[in-house]
Amino acid sequence: MLKKFLVSCMVLSMLVLPGCGQAPASTPTGGSGTSSNNSSSNSGGDISIGILTSYTGEMGAFGVPVYNAAKLAFDEVNAEGGIKGKKIKLFTEDDQSTVESGIRGARKLITANGVIAMHGMVSDVLLATWDFAKQNKVMVTSPYAGTTKLDTTGGDYQYRTVPSDSLDGRVAAHVLWDKGYRKIAVMYETAESTTSIANAVAQQFQQLGGTVTIMEPFQSRQSSYLAELKKVSETSPDAVWLGSGQETAPTVLKQWKQRGYKWQWMVSSDIAVPEIFKLVGTDTMNGILTEIPAGDSQSEDYKRFAASYKAAYGKDPGGNFEANSYDAAMIMALAMVAGGKADGTTINENYKKIASPPGVKVHTFKDAVTELKKGNDIDYEGPSGDVNFDDHGTTSGSFNALIANNGKWEQFKFYPASAFEKTK
Amino acid sequence: MAGIVVLMGIYTMLALALNLRFGTAGLIDLGVVGFFAIGAYSYVILTAPAPGTADAYMFGFHLPMFIGFVGSGLISAFFAFLVGLPAIRLKGEYLAIATYAFAEVIQYLFTNEKWLTNGVKGFIGIEQPFRKFFVSANSYQYFYAFLIVLAVACFWYILSRLERSPFGRTLKAIRENEDAARAAGKDIERFKMWAFVIGAAIIGFAGSFYVWFTSLVVPSLFVSEVTWVAWIALTIGGTGNYKGMILGAAIIVGIQEATRFLQASAELATILAASRFIAMGLILVLIIRFKPKGILPERNTVN
Amino acid sequence: MVLEVKNVSKVFGGLRAVHEASFQVKENSITGLIGPNGAGKSTLFNCIAGYYPPSAGEIFFKQEKTSGFTADEIAKRGLARTFQTPQGFAQMTVMENLMVVPKGQVGEKPWQGLINGKKVKEQEEEIRKKAFKLLADFGLSEQKNDLIANLSAGEARIVEIARQLMLDPEVLLLDEPAAGINPALQNHLIQVLLKLRQQGLTLLIVDHNLGFISSLCDYIYVLHLGQIIAEGTPQEIFRNPRVVEVYLGGIA
Amino acid sequence: MSLLKCENVESGYGKLPILHGVNLRVAEGEMIALLGANGAGKSTLMKTIAGILPLMKGSMVFDGRDITLLKNHALAKMGLGYVPQENNVFADLTVAENLEMGAFTIKNAKQAIEAIFERFPKLKERYKQKAGTLSGGERQLLAVGSALLLKPRLLILDEPTSGLSPQATESMIETISRIRDDGTAVIWVVEESPKEVLAHVDRVYLLESGLVKKEGTGREFLEDEEEFETLFLGHNVG
Amino acid sequence: MDYIPYLVSGLVTGTILLLGTVGFSLVKRIENFLNIAHGQVLTLGAYLGYTFNVKLGWNIYLAFLAATLITTVVGWLIFKVFYQPIRSHGNLYLLFTSVGVAYIIHGVIEAFYGVQAKTYSVPVSKVLEINGIPIISGTEAAVIVLALGSAFGLHLFLTRTLTGKAIRAMASNLSLANARGIDTEKIASVAWLLSSALGAMAGIFSGMIGTVYTDMGWAVILLILSAAVLGGLGSLYGVMIGAMIIGLSMDLSVIILPSSYRPAVAFAMVIVVLLFRPQGILGGEGH
């Protein structure tokens, strides 16, 4: 009796809540948008792919853009007739930015939904689910898992369309050096990605001949960072690199402004999102630098991608790894076409091959299919850049250096992948 | 399913340990996750290979899995002893706050002391027990679920035996009336310490099981929510009743899994995550309101 | 002298509850400690049993200085106490309550309890027998499976005495054992206590009422405002004008 | 008409009753003494009348109104003042604040407090002091004073002289009889100095094992010296 | 001179914490349980402040008033719906109910506002500089003044008004308060209103200084518990000092420790205090 009552309470809360929540107009639904039917778990004709990403929790801001971008790619594939007549169908799970939830989500996707590939995990979740996925011959890809832990272990059933954090950090150091700063401080949250990027920034900057005045790790989500700012200011740096997420960075930046400190900021790519201007204030943001692992936003690929993204979701892509997610999904589809089979093993075998030289450079699904039909080797290039993979499944990656200007991130310099090959 | 069983099992272990501490001995311990983390890290540090160049940790003893497992319980128990030395005397809520604070400090330590824990990078690719006998991960996960059930049964057996022993009887007496227990010549601090330490050992072992489940450890796994979930499982299931604890753990994990099957779209995820919290809160509030002793309350033993 | 209290004082904050009280309890005697409410009896009692450390003075039990010991250490040495309002392990049965008490239970060590070996089982059986006999002596056999929480006040008081006897004490400290018990049960209690003395036990009874105590005690001490104001046999105490004044007031 | 009428009152802590059907009446302006051994149920009866313990059986009528279900604070407003035996002042509040709490429900609190200060000048001297730091006698005085502020029709005093020095006891007895002289009915739980108290009271109830064993005037009790001594000193054995 | 900015930031942290902790220990004194959901009351206040300030575009001080008002009422409703009916169960049940309530509020807030952090639109104010070292900004000064003002207001309320004194009386001796004719239910309601109002203010102040996010309540309740233990759980003035000590020590610890240890400093202090002075800094003897 009681149990029944409780269950009904739970269901009730779920029915009531969506009504009052803020539901954006562009609501993509899991299976229905990409295929005709989303009721059965693995209906014979469809190819099931899982998006396991963070809709809630610390990384919650990235989930929807990553999902949307991947869906855009698969929609294009389906519009072209799918893969050998089969349509791609998406299932999605929220990892709540936690490993435990991620593992549960992955297990559900693999065992209940029968997905052949999963996409969209953050670093920790990817590491925790990879082995299980691999054992089940399920391919795993991520558009933003930058963790340095994968630098030497990835490559088999696991690929990422984003460079490693260590490269990210090196680029940040280069940007600051190129801007003429010689004395910087590094402030970073004690999270995995921010810590590894911070270390890379400091190391690279010193290699370039600059001085790092202080490495200041801090705890996220505190009400005040005045003490930390003061500590950094005492070392009088010309510029400060800040590695932090969207919950904490605004506090740091606002308090910096309130206290009237004057140094140049460079922030990590977590903060390189449009929302940041609302959170911090356009004035405060003006002139702040960042770099993001992305293709040249002036490239044709990117412009085309941005246009169709905007058409589908009413928003400009940017800062949330949309292009990386799009490419990861597109390569997944192409790998199946190239291998002629729709399973994880096929994707794994062809993933690197079709996106890396040698081969005919292709930019769209349609062109790629045409080339493949001709029997040609292809080298896919998309909105996120060359997407060439190294032996451990990581893209070499190009970077955009951005500057905040009146409420927008503007590209002021593009660093192609080739710029860093020698420092690797 | 197997994954659900594993998590249910692990939360049942925590609830079992908590029941010994609170249900039997009356200690309000809000530091469950602290010992859970100590257990998990003990296992990992004992079994980890020597550090590679990119690693910040200094000790990886590369000991056999079995020793790591035993170590996880023993080290957790040892820390409980250290914490208990001063803290076991604290009354009710003060002990609760002290243990809560302890668990938080542990998390900060594990985040920041890279030489020991490899910091936020943690350890990855942790080997699972008997994994090599299984070809596919799929069949292994059923075996692992079976292993967990076995372990829960084992702890259940040990704890229920302990509870029925003179030791358990004395603990209960202390819970019921400290003054009278003292008048009966019982050194209540010593008995409480035993309950605290044994509880920590079981939580430590649960840490090992958790590590095998996640296959990695990072400090962010060990947030205070773990403590609350264990308490909620114990409270709604019924303090002092082993079946209740399993039921409680099943309900909590069930709520979390149930919402998974409603997961249809990206936007719904936020609402679902939110309703998970609401459901968890509601169930706790309602149970306390209408069945304060839990769904399956403790039965008084009659000789 | 099995128990000696020497110049014991106890101060709470600014309040002096006991002031340099001294008295002695002879072996195998029944000694009374009486005084009106607020005289400091319970405080002194708690000092003896180790629940409060005395602010000054010393207490000797069997020639050993026990002031400063904890309550459980004193109890283990053979000085058992009861409480003014009976205390018990509420959600446990009468039998369990008694079985908790005995010293040196092997099964109280967790590993022994876990293994539940022969020694533990034998000891349990012994303890059970002993408890059963005690309950029978006190006429409580029928209640052995009742929860303490469901006993009447009188029964709870007798169970408490029985429980403390499981300690095999040499001295039993009783705190107002007659309070809340009807006269019939009181008589029963008196018989029980006299029998215990016959068996060699020493009793120290605290009460604020002379009636019950006078029919039991060999020797009485009177406490008033924290000080011993009189001592003697019951007859002497009854004739002591100071005691009568304290109890009945001045206009006698 | 009696001010307070208790019939067949049963009550106690938890499930088990301590009082087994007590009958008690108090007339307007009358002073009643309640005697009995420890554990006889005196404090329980007082707490039940004051509405702190719930009634299990029986009825209570105060001032013509059934108060069986009324809560403590409502009773206070009706003019039933209660001074518990222990913890009868707000230790963390000053003397003046304690009195203000006593006057919580009345209108011209200031004047009433002034009147109390006049009556008990000792309290006035210490009005800024925390009640927790007062001596035992002063504390009792404050407790009685606070209860008087309600201008109660019936004042229940649970052993107001417990633990007081002889002088303090004497002055407390005097104070209380003056309160009665002012027209307030009093129920007085007596443990100590019964001779002095009984000389002042109108009627006496003797409680034993949760029942009224004897009822009579103060004089009757005092005259029957043997029984009186038995009650307070016990049987003179030998 | 160099340390003044640390002191100021400690003051800001401390005063905000002070408001939160005072409300928490008011409930602790009146109802005698640890109200874990109090952290969520702060969060609720902060989010409502965001709604008025950003969504509706009101002036921050107007938004402050409106949000405080609503949170106060909600806090009181929560008391009526969740806590009052189970009072007789005992304080441990109240504590766990408050954990449940905390999860419910957390979930509701997340359902309404989503998971992304929010910030207020507070105009950047002028900074007071001494010898070129920025000391304190207008917003910070306003927060400190308002928070201390509210605490002082609470002090006046508790010592000068009859209701305030009744709250203290009730905390000191519940059954006696009843015997004195005080309607303790009503007074408890007032205490809950006050507690929620102070909590809401603390939440909004921390929103003005930093960001507002859904996990805020869990983070802050830990600091509140620490401050409360430090000051002696029930003592209102003790916890004010406790909160200031926690705020200052966290921010001053940054001088010698890596700042990632900042919150750990607070918890470590709790452990140390509990070991050596379990009744807290200003707590009385024994409990």
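Just so it is clear, A, B, C, D and E label the chains in written order, and each chain counts residues from 1 on its own.
The criterion applied here is as follows: contacts are C-beta pairs under 8 Å (C-beta built on N, C-alpha and C of every residue); 3 or more make two chains touch, one makes a residue touch a chain.
Because the structure is a prediction, the values reported are computed rather than measured.
Novice: Among all the other chains, which ones are in touch with both chain B and chain E?
Specialist: Chains that touch both chain B and chain E, as defined above, are A.
Novice: Counting one step per pair of touching chains, how few steps separate chain D from chain E?
Specialist: Minimum number of steps from chain D to chain E: 1.
Novice: Please state which pair of chains has more C-beta contact pairs than any other pair.
Specialist: Counting C-beta pairs in contact for each chain pair, the top pair is A-B.
Novice: Centre to centre, by mean C-alpha position, how many angstrom separate chain C and chain E?
Specialist: 48
Novice: Any idea how many Å lie between the Cα centroids of chain A and chain B?
Specialist: So the centre of chain A lies 34 Å away from the centre of chain B.
Novice: Hey, how far is the Cα centre of chain B from the one of chain C, in Å?
Specialist: Whole-Å distance between the two chain centres: 43.
Novice: Can you compute the centre-to-centre distance for chain A and chain C, using the mean CA position of each chain? Integer Å is fine.
Specialist: Those two chain centres are 74 Å apart.
Novice: Find every residue in chain A that makes contact with two or more other chains and list them.
Specialist: Residues 17, 21, 55-57, 60, 190, 217, 219 of chain A each touch two or more of the other chains.
Novice: Which residues belonging to chain D are in contact with no fewer than two other chains?
Specialist: none
Novice: Two-or-more-chain contact residues of chain E, please, as numbers and ranges.
Specialist: As it turns out, chain E has residues touching two or more other chains at 110-111, 114-115, 258, 260-261, 263.
Novice: Got a list of which chains touch which?
Specialist: Contacting pairs: A-B, A-E, B-C, B-E, C-D, D-E.
Novice: Quick one: in the complex, what on chain C touches chain D?
Specialist: Contacts found on chain C: 14-15, 36-39, 149-150, 152-153, 176, 178-183, 207-215, 225, 234-235, 238, 244, 246-252.
Novice: Enumerate the contact residues on chain D facing chain C in the complex.
Specialist: Of all residues in chain D, those touching chain C are 14-16, 18, 37-40, 133, 136, 159, 162-166, 191-197, 199, 208-209, 228-238.
Novice: Along chain E, where are the residues that touch chain A in the complex?
Specialist: Touching chain A from chain E are residues 2, 5-6, 8-10, 12-13, 16, 110-119, 121, 124-125, 127, 129, 134, 137, 139-140, 206, 209-211, 213, 215-216, 219-220, 250-252, 254-255, 258-263.
Novice: For the complex, give me every residue of chain B touching chain E.
Specialist: 28, 86-87, 90-91, 93-94, 96-98, 100-102, 104-105, 108-109, 111-112, 224, 228, 231-232, 235, 270-271, 273-285, 288-289, 292
Novice: How about chain C: which of its residues touch chain B in the complex?
Specialist: 49-51, 70-73, 75-76, 80-83, 87-93, 95-97, 99-101, 103, 105-110, 112-114, 116, 120, 124, 128, 144-145, 147, 160, 163-164, 166-167
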